[in-house]
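Going in written order, the chains are labelled A, B and C, and every chain counts its residues from 1.
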Amino acid sequence: MATARPLNWTWFHRLGSPPYIYELAARLAPWFGWPAALAIVGGLWGGLVLAPPDYQQGDGFRIIYVHAPSAWMSLMVYTTMAVAAATGLIWRMKIAHAVAASCAPIGASFTLAALVTGALWGQPMWGTYWEWDPRLTSELILFFLYLGYLGLRAGFDDTQRADRASGLLAVVGVVNVPIIHYSVTWWNSLHQAPSVMRLAKPTMPPSMLVPLLLMLLGFTLFFVAILLVRLRAEVLNRERSASWVREVLGP
Amino acid sequence: MREPTLEVENLHLWRGDRHVLRGVRFALAPGECLQVRGANGAGKTSLLRTLCGLMYPEEGRVLFDGKDVRVDLRTFHSKLAYLGHEPALKADLTARENLLYWIGIRRRLSGAALDAALGRVGAEGWCDRLVRTLSAGQRRRVALAGIALLVVPLWLLDEPTAHLDTQGQELVATLIAEQLARGGMVVTALHHELPRVVDNTRRLELAP
Amino acid sequence: MNMRGPALGELAGAAVAAEVSSGGRGAPALEAAQLTLRRDLTLAFRKRSQLVQPLAFFVMVTLLFPLAISPELSRLREVAPGVLWVAALLASLLALEFLFRDDAHDGTLEQYALSGHSLTWLLGAKITAHWLLTGLPLAMIAPLSALSLGVPLGAVPGIVASIVVGTLALSLIGSISAALTLGIKRSGALLPLLTLPLSLPVLIFGARATELAIRGGPLLPPLELLAALAVLAVTLAPLAAATAVRISLE
């Protein structure tokens, strides 16, 4: 019978324990899930129904209520992933690597959502689904950074090796994101006609801004809830040969 | 000056789901040799790699001269020589050029010492040929010459007798004996016994 | 075979016996780096055919565009900056394959990590050698391709300068992804997938510098940005690559 790994490595003692995390995540998830649902419903109601049409863009701007939070989350999740990966690399905490691994598909999904909603927004705005808008281009590159992370992870059979290599990649990536964003903006400014070719945010009175902030809050809470759920599955998978997992899963 | 010792406390190492090293502990004094034995997959290579700091144990410490090696890995590395499964020789350089590089980045090497070491392992005839033209046994001999030239307190040898004929295996035993006589320490993973018993040798069995 | 030859201790005298217990540090890091650089250059010259491949690939790729677009030099001149830089990027990717491959297979990387020297410095020497062998030759050959795309002769120095600096940055950035993918057997398109997003800033600034060189505009700003990227890469990339190598050795 395989023995469970030792449970104490650093002063993150309890956080480093897989069974504790498994149980804690189960307890915490609803506390994020339900508020997330409320915030998102409230934000959608406020943004799609209550907020007045924009002076310039009419009703087309409303997609910002999904696009902007998605884009914001795609970046926030990447940063979270990089911080978790750095924690795992420096303090050798396997839970931190599990968190990073759980973040990646969520972040990639947010990025894809941002790209798709950005393209849908572009159609009424510019007449085409894709213009090389600097923010959308940066978003596309971020998508490839996520794909690279997932691809590197998939290339290793050994979980520990996958964790550490992809963790380093995430840290290198997060350092590069500002550089890439700056260079893409610089590139775009050289070649663009100075017309309104951007996904410009309309000027925001409170009736427009509050639903947007609500959506942002809702998306963040949603991310944490989903992360906790994925983390539980990730932990079960990694510890599958340990005795506590067998007890949890039952006979 | 006090001779350094090697102590290993309660090493635990997992590779994937396998608990490869389960509480390995031993202490080695200067002039002693430890032979690590075990079947394939028992963890001999993993133990050696953990000793030199390439692998990171989940539990336990390696103490060299009473200090945890993790505190200053680079200094520890300057005091050890590691011979892995493949001798790290470049196929497009000659044996001599290879050794000039590997020893040269670690210490001053005189031509005479290099010649003598190559002669010792029987390489005078072919030490100026490209390594790609040498047999596995010849490459192993070149690697052994390198280890002997390094003059460090600790040798970690992973299957040093691989590809060697009986005379080659005798050479390994002699080199180990000389290292021990100088006050050095040797940890070696071996599949089968050396042709002659070297004094001050202890054995550690690893079960798979 | 000389079994009863003099033992090593006798040869080198008492100094050696003392070294056994102290294990002297020996040559400093810079010297070790220099030796590594020279060894890598020697090795490359003994396998010269391997060096030609990325260059041939570069020329081939630039040749594709006139065939695919139009033989009109005026049209080619417009796309020349992009063509040259995309080709340079892809050729660097190709060359990246043999940065660490041999050393990983024959146990050299392991010995670097165990040498007692800073792995960062040793890898820095390796990357420098790699750039001298792939990036610089690329910069030498680029003018030929550029001229074939209708680029005026006066633009050549600017183009060469930008490719010299750009390939240095690319070698450094690429060393990180090359080190990360060590130990993946069927890596396929993973190395390009990892390297390209990180190399985009180099592409953007390099192509802009080339474009300005062709048009006769001020190419110093993008060239300086390119140099800044290279400096950043010089400070951070070898460290990241060393960490990645250590991860691959675990």
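As a working rule, a contact is a pair of C-beta atoms (placed from the backbone, for glycine too) under 8 Å apart; a residue touches a chain by one contact, two chains touch by 3 or more.
The structure presented is a predicted model; accordingly, all values stated were derived computationally and were not measured.
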| item | value |
| --- | --- |
| Pair of chains whose C-beta contact count is the highest in the structure | B-C |
| By mean Cα position, the chain sitting nearest the middle | C |
| Euclidean distance of C-alpha centroids - chain B vs chain C, Å | 33 |
| Chain centre separation in whole Å, for chain B relative to chain A (CA means) | 48 |
| Residue list for chain B, restricted to those that touch at least two other chains | 56 |
| Chain A residues counted as touching two or more neighbouring chains | 160 |
| Shared-contact residues (touching 2 or more other chains) in chain C | 250 |
| Contact set on chain B toward chain C in their complex | 1, 3-4, 30, 52-56, 74-75, 77-80, 82, 84-93, 97, 101-102, 104-108, 112-113, 116-117, 119-122, 148-149, 151-153, 167, 170-171, 174, 178, 181-184 |
| Touching residues on chain C, where the partner in the complex is chain A | 176-177, 180-181, 183-184, 186-187, 190, 193-194, 196-198, 200-201, 204-205, 208, 225, 229, 232, 236, 240, 243-244, 247-248, 250 |
| Interface residues, chain A side, partner chain C - complex | 141, 144-145, 147-148, 151-152, 155-156, 160-161, 164-165, 168-169, 172-173, 175-176, 179-180, 182-184, 186-187, 190 |
| Chain A - residues contacting chain B, complex | 2-3, 5-6, 9, 92, 158-160, 240-241 |
| Chain A contact footprint on chain B (complex, rising order) | 12, 14-17, 19, 56, 58-59 |
